[in-house]
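Read from first to last, the chains carry the letters A, B, C and D; within each, the first residue is number 1.
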Amino acid sequence: MGKITFMGAGSTVFAKNVLGDSLQTDSLREFEIALYDIDPQRLDESYKMICALNKNTNNNKAKITKFLGPDNRKDALRRANFVVNAIQVGLYEPCTVTDFEIPKKYGLRQTIADTLGIGGIFRTLRTIPVLADFARDMEEVCPDAWFLNYTNPMAMLSGFMQRYTGVKTVGLCHSVQGCTRGLLNSLGIKYTEPIKEKIAGINHMGWLLEVCDSDGTDLYPEIRKRACEVLEKEAFKGNKPKHWDLVRYEYIRRFGYYCTESSEHNAEYNNLFIKSKYPELIDRYNIPLDEYPRRCVGQIAGWAKMRDEFVNDSLTHQKTHEYASYIMNSITTDTTYKIGGNVLNKGLIDNLPKEACVEVFCLVDKNGVTPTIQGALPVQLAAMNMTNINVQLLTIEAAVTKKKEHIYQAAMLDPHTSG
Amino acid sequence: MGKITFMGAGSTVFAKNVLGDSLQTDSLREFEIALYDIDPQRLDESYKMICALNKNTNNNKAKITKFLGPDNRKDALRRANFVVNAIQVGLYEPCTVTDFEIPKKYGLRQTIADTLGIGGIFRTLRTIPVLADFARDMEEVCPDAWFLNYTNPMAMLSGFMQRYTGVKTVGLCHSVQGCTRGLLNSLGIKYTEPIKEKIAGINHMGWLLEVCDSDGTDLYPEIRKRACEVLEKEAFKGNKPKHWDLVRYEYIRRFGYYCTESSEHNAEYNNLFIKSKYPELIDRYNIPLDEYPRRCVGQIAGWAKMRDEFVNDSLTHQKTHEYASYIMNSITTDTTYKIGGNVLNKGLIDNLPKEACVEVFCLVDKNGVTPTIQGALPVQLAAMNMTNINVQLLTIEAAVTKKKEHIYQAAMLDPHTSG
Amino acid sequence: MGKITFMGAGSTVFAKNVLGDSLQTDSLREFEIALYDIDPQRLDESYKMICALNKNTNNNKAKITKFLGPDNRKDALRRANFVVNAIQVGLYEPCTVTDFEIPKKYGLRQTIADTLGIGGIFRTLRTIPVLADFARDMEEVCPDAWFLNYTNPMAMLSGFMQRYTGVKTVGLCHSVQGCTRGLLNSLGIKYTEPIKEKIAGINHMGWLLEVCDSDGTDLYPEIRKRACEVLEKEAFKGNKPKHWDLVRYEYIRRFGYYCTESSEHNAEYNNLFIKSKYPELIDRYNIPLDEYPRRCVGQIAGWAKMRDEFVNDSLTHQKTHEYASYIMNSITTDTTYKIGGNVLNKGLIDNLPKEACVEVFCLVDKNGVTPTIQGALPVQLAAMNMTNINVQLLTIEAAVTKKKEHIYQAAMLDPHTSG
Amino acid sequence: MGKITFMGAGSTVFAKNVLGDSLQTDSLREFEIALYDIDPQRLDESYKMICALNKNTNNNKAKITKFLGPDNRKDALRRANFVVNAIQVGLYEPCTVTDFEIPKKYGLRQTIADTLGIGGIFRTLRTIPVLADFARDMEEVCPDAWFLNYTNPMAMLSGFMQRYTGVKTVGLCHSVQGCTRGLLNSLGIKYTEPIKEKIAGINHMGWLLEVCDSDGTDLYPEIRKRACEVLEKEAFKGNKPKHWDLVRYEYIRRFGYYCTESSEHNAEYNNLFIKSKYPELIDRYNIPLDEYPRRCVGQIAGWAKMRDEFVNDSLTHQKTHEYASYIMNSITTDTTYKIGGNVLNKGLIDNLPKEACVEVFCLVDKNGVTPTIQGALPVQLAAMNMTNINVQLLTIEAAVTKKKEHIYQAAMLDPHTSG
């Protein structure tokens, strides 16, 4: 039987989603599930949770094991078929706090700071050394395993693994799946499957290149019209409460296309919205500064209450839309499955650098995750991606060469930081 | 509702497979099915056959139409969603006969002659002008349709369409689907799904790069051992009757890998087996010279009898494994499906030319057929493919530029012809 | 005998340099020199000047002709071997004035505005249609001629010609030749030939990648040390008068490398120096805002006086270092010559887009201008170039598609404009 | 002062050419010249010869040293600026003899056998291990030196060095320089400089793609006409004595283009001329079977006599056209120079594999040898090159992986061997 190792198993909620899904996937029911974390309490809580799910939803068919800290890491990984990564190095305290507070001292405001910018750069710099350790262990004890990376910054961490280790890595995110449906719903356009959607770009800035309804009618003319109407009404007329997706609508208006990650994220991936020179844009585009730490505080506070619910012998689970269990099933059973995955470009998107980590549709089957080829992006979309890729490549360069100057360069090239 | 146009509908048996499948595919049941041919009798026979199937297996839900000859071709194609191509220009007489008999006068023996060599070159030269006419019509009356090409020579005809027309084209062949199962069966190795198989290369010479059983055990060591034993016994000891697959077993022994199309085909794709200097190889490797015309004569003779069976009001149909109906369903319903398709290389296989038409796994969904990226082939396999691609590119060049010298060059570069 | 056509011959000073050089180049002495302009007075002045040079330095061996306005353009170009382009569409008035004044209304300050930014974008948009006309004529009346483009914005105009016309085009600039010598001189490091210098990038931001003295000693450590000392003294201590090259010294300090075009240019190719938020940087880095119009006013005023000197029957000429006459000689005589030329990337610089116009060393001989391959730039330098290439590709896209949205996109992607 | 190390200095005649040239090159006159060989007598003879030249043509300005055998190899190489390689592993006896005699037993006839085919494959296999030793030493004791390789098989040996060692390597051959002049002379067409010639392809099969006289008139129509006339008269009418260049004239007739290396070489690079089935072609195309061993025997016999002439205190030297001294001068003095060099393809020739070693024009200056980009070859020429590159890549693969099967594959893919 196979084995799934979950790195950062202390992320109880996310572990429940991915592993709860797995326990309800026939091909995976009898797998060993190895939980790894460096926090003994959180590890223990997750262990109890998964054991409860195994009992309640899987007749205890799976073997659940737990492994604490680097000394036991190789045992956790040994003979794994799949390694799911959801670690967060540095947590809310101290790292998320410093990611936000130190830049703020110098006048730099952020919203999420987990992808690009000062937050994204530092999150990468503190995470790559840990992933490099994981990779060394995996090359030794489970060289054929697939590494399903959920940890952000997605493009930088996955790109590091893909370029500098021998580990088969795909980066996974939730933002591709719901992109089209979310857009159409928010604009009041009926979403009917089968829908034709082409999405390609980079993580958190993957472009919805084409969207047609089931009859093949191009929906973009109507999308563009309605997005402009919303902008007109919401951004320029000053309604309250504000619409939540104005940054991406402005993308539609200015660049012609919608993208995968939310407006609060995309507000800080360019130098167009958060500008000390035009402070009124914050309000106009409804940009939630400091959004991520606010959420963290809420989640931490909530966990006290949620703990009882999760670490509970009668816990059950309803299958989610997370890619991981579907991918593991597909590779195990050779069932064809399609995902939006983060992979090394190597010419998939013709006008982005070969060494960039891009987000494209991939075919999953017994052969693993194989990316599909995309051609070129519209010039303006490649340009927007490039401003982000500049930062990504420089940050990876800094982490790999350990040359401090590349960190400064990453910051200077970051469109928002330097804007 | 959608529309499927079938070019060369007079190929009654093949039309029955593809269209019979379609009539039993829920998403396609109400499509219009337009039959096109230039032979009135064969067209009429196929029309009757499909009408019978529509009645007997589809409650007459589909609308069946027929179109005779170039004057009605645009009407056949107008508003089509899918165009299935199965034409054969020149038929057995006169063209297959001359493909074989004229080279034979000069001492050149062939087996199938539908892919490469003198037969493949001339088959391409007489077919491309017809496809160019189809393409011009399609660009006008159904510019978004997918062209599913089944006509050989697959790589040359699909490559022409992909490089020189605006028509979305994928080339389809049966040889990928059964490759692994056939090999294992013939060697007495148990075939158990899920199996891991990687196949990439060019049509009729797509390489089985990797094959592992459901536990992940590499089957190639055992395959190589057994193939060598068969060769030892059959090719060198001279048993009778001979094994049917010795050419490809010799590929395994010499190049390390099996390939998709049969030994009788592959005997004429290189200069290793049919050699005037070593006539004993014909017998040693059991190479059926003049196999294809023999088959044709048999099929033509058989058709007189089969006609009654096919053109028969009570005809029924059992769904086959042909890709076409699955592709059309997948594109129509946005269901993910995987095929081995023939597509323009553009970097998919790193060490074959960008303008070659290669056979790789493709993802099919509402976006159509999107190829997956493959990396580089082992050097010797790329080299074998290259000797074939040389001929393919030169033949296309001849057809497009109408320069006769390229025909001679194609023949001079053909490994068997010049061997 | 051959023919050189000079477009924008009314640029008397520059025409004197290039054509004066040609008249003193043995292989070109008997060429016809065709002057083209749309301004009759300036054309006539240049004609008189060149006639004087032909008499005084060339024994009247060349045939000098002049052609006024579009109606005579084809005659000017007919049978040309070389077309030197030095037109300026829109001149100082009205266009340079509006390039500066309109952005200034919105708070955007510029220095030169002939390469990137609002000035560069608009200069391109008004020039491409004229070059497109030239190209159409050339394709008809001198299809084999080389087009030596001196007009700015170099990368955008040359890139347009190279991608969208059939005219053999190389873009030429003075900034490569003097780069290393200028740097060493300004830092008090002895410049001794033979020097080893590698330069590659884009026009006006071509990177001095390597510089060694004649013994092979790497000069960069000393360069970096001294540049930092100057910065320390000049930028941070506030000496007056300020050093003229602080922006590029900051490039050395921050990105590790010097680049080809001057500090006053490079101040506006990024968002690091001219920042409304940090107005003190203008003074700190000694950035001459509005420098270009100031120079223009000076030149126009000076021309009244210079005219007498140039349009003078006893005019003579001393050969300059402009590339043009050397290139024309090299192509004419098959003498090997090396230039820094602006050419279509096509993989020359591995980590810049294929469709970018890059500045690399080229081999010149009878075959014309053939670029050399460069490999990859250091990540941070490619990143800096990319922020400029984004604007270049979008501006060309706007000019070619005539879609206004691409103009806005170019401005939004411009690092200084959006900064 | 610099240092030139000559590997295989026992090649007295060739050493005289390259080093005699160097001693007369101002920039190199004071270099140390280190001679290396494993044959003490030949090394000593060459040492005396070079000392004589140093005295007679260079006022003893150079320092001449000699190094015998692997134990002294690092000393020979230490601090070298340039390493000229002219070794021949295995010499005439035993290796050239076995290269010819063993294949002959199996009916395979060869002419030169130093480039491709059984001879070329084995020559590569016995030479690469020696070059790998050289490379390891060079990486240690002269990591910045340029390796100027003259040893055949050029494409395979240079390709190995370029792909698998860190040594800066260019492969050099005489066949590019005289190609055009030789062709025109032999056809009675006047050769007048400056001539425009484009040559690109692989070593010994570099294609003369374009040739125009000084007025720009395309000479190919006349070349093609005359080559066909010669073929008509010589090959088909059976004149005696036969013309010496009929194989390449047949290339012109059939493929449209001439190539760099001689007809006796090219006769064995394809399967068109030496065919057991058509033995009359040997005579028709005047193919000198066993030409190379014949020459070797002559040279060895001649050396007894020549030795006195070369190892002679009053020896002088007249400068030759060998590239080496020009390259060394150009790199030393930063003088621009153009060569046809053998370099890693990496996209220089668009339709040949990236890892092939191709022969293209290169720019030489202080930066060393930098290749120019070429675009795509005509399809038929790329195809001819590909059949050779297949063998080259497989032979290198065999040498690097030490897997015997790749040797068989190289032979099976060799167009002549398998023909």
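Everything below uses one rule, namely that contacts are C-beta pairs under 8 Å (C-beta built on N, C-alpha and C of every residue); 3 or more make two chains touch, one makes a residue touch a chain.
Nothing here was measured: the structure is a model prediction, and the numbers come from that model.
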Chain C and chain A - chains in contact with each: none
Interchain centroid distance [CA atoms averaged], chain C/chain D, Å: 41
Inter-centroid spacing, chain D versus chain A (mean Cα positions, whole Å): 55
Euclidean distance of C-alpha centroids - chain B vs chain D, Å: 44
Chains that touch, pairwise: A-B, A-C, B-D, C-D
Sites on chain B touched by chain D in the complex: 107, 254-256, 270-272, 276-277, 350-351, 353-355, 379-380, 382-384, 386-387, 390, 393-394, 397, 405-406, 408-409, 412-413, 415, 418-419
Residues of chain A that touch chain B when the two form their complex: 144, 193-198, 210, 212, 216, 332-338, 346-348, 361-363, 365-367, 370-373
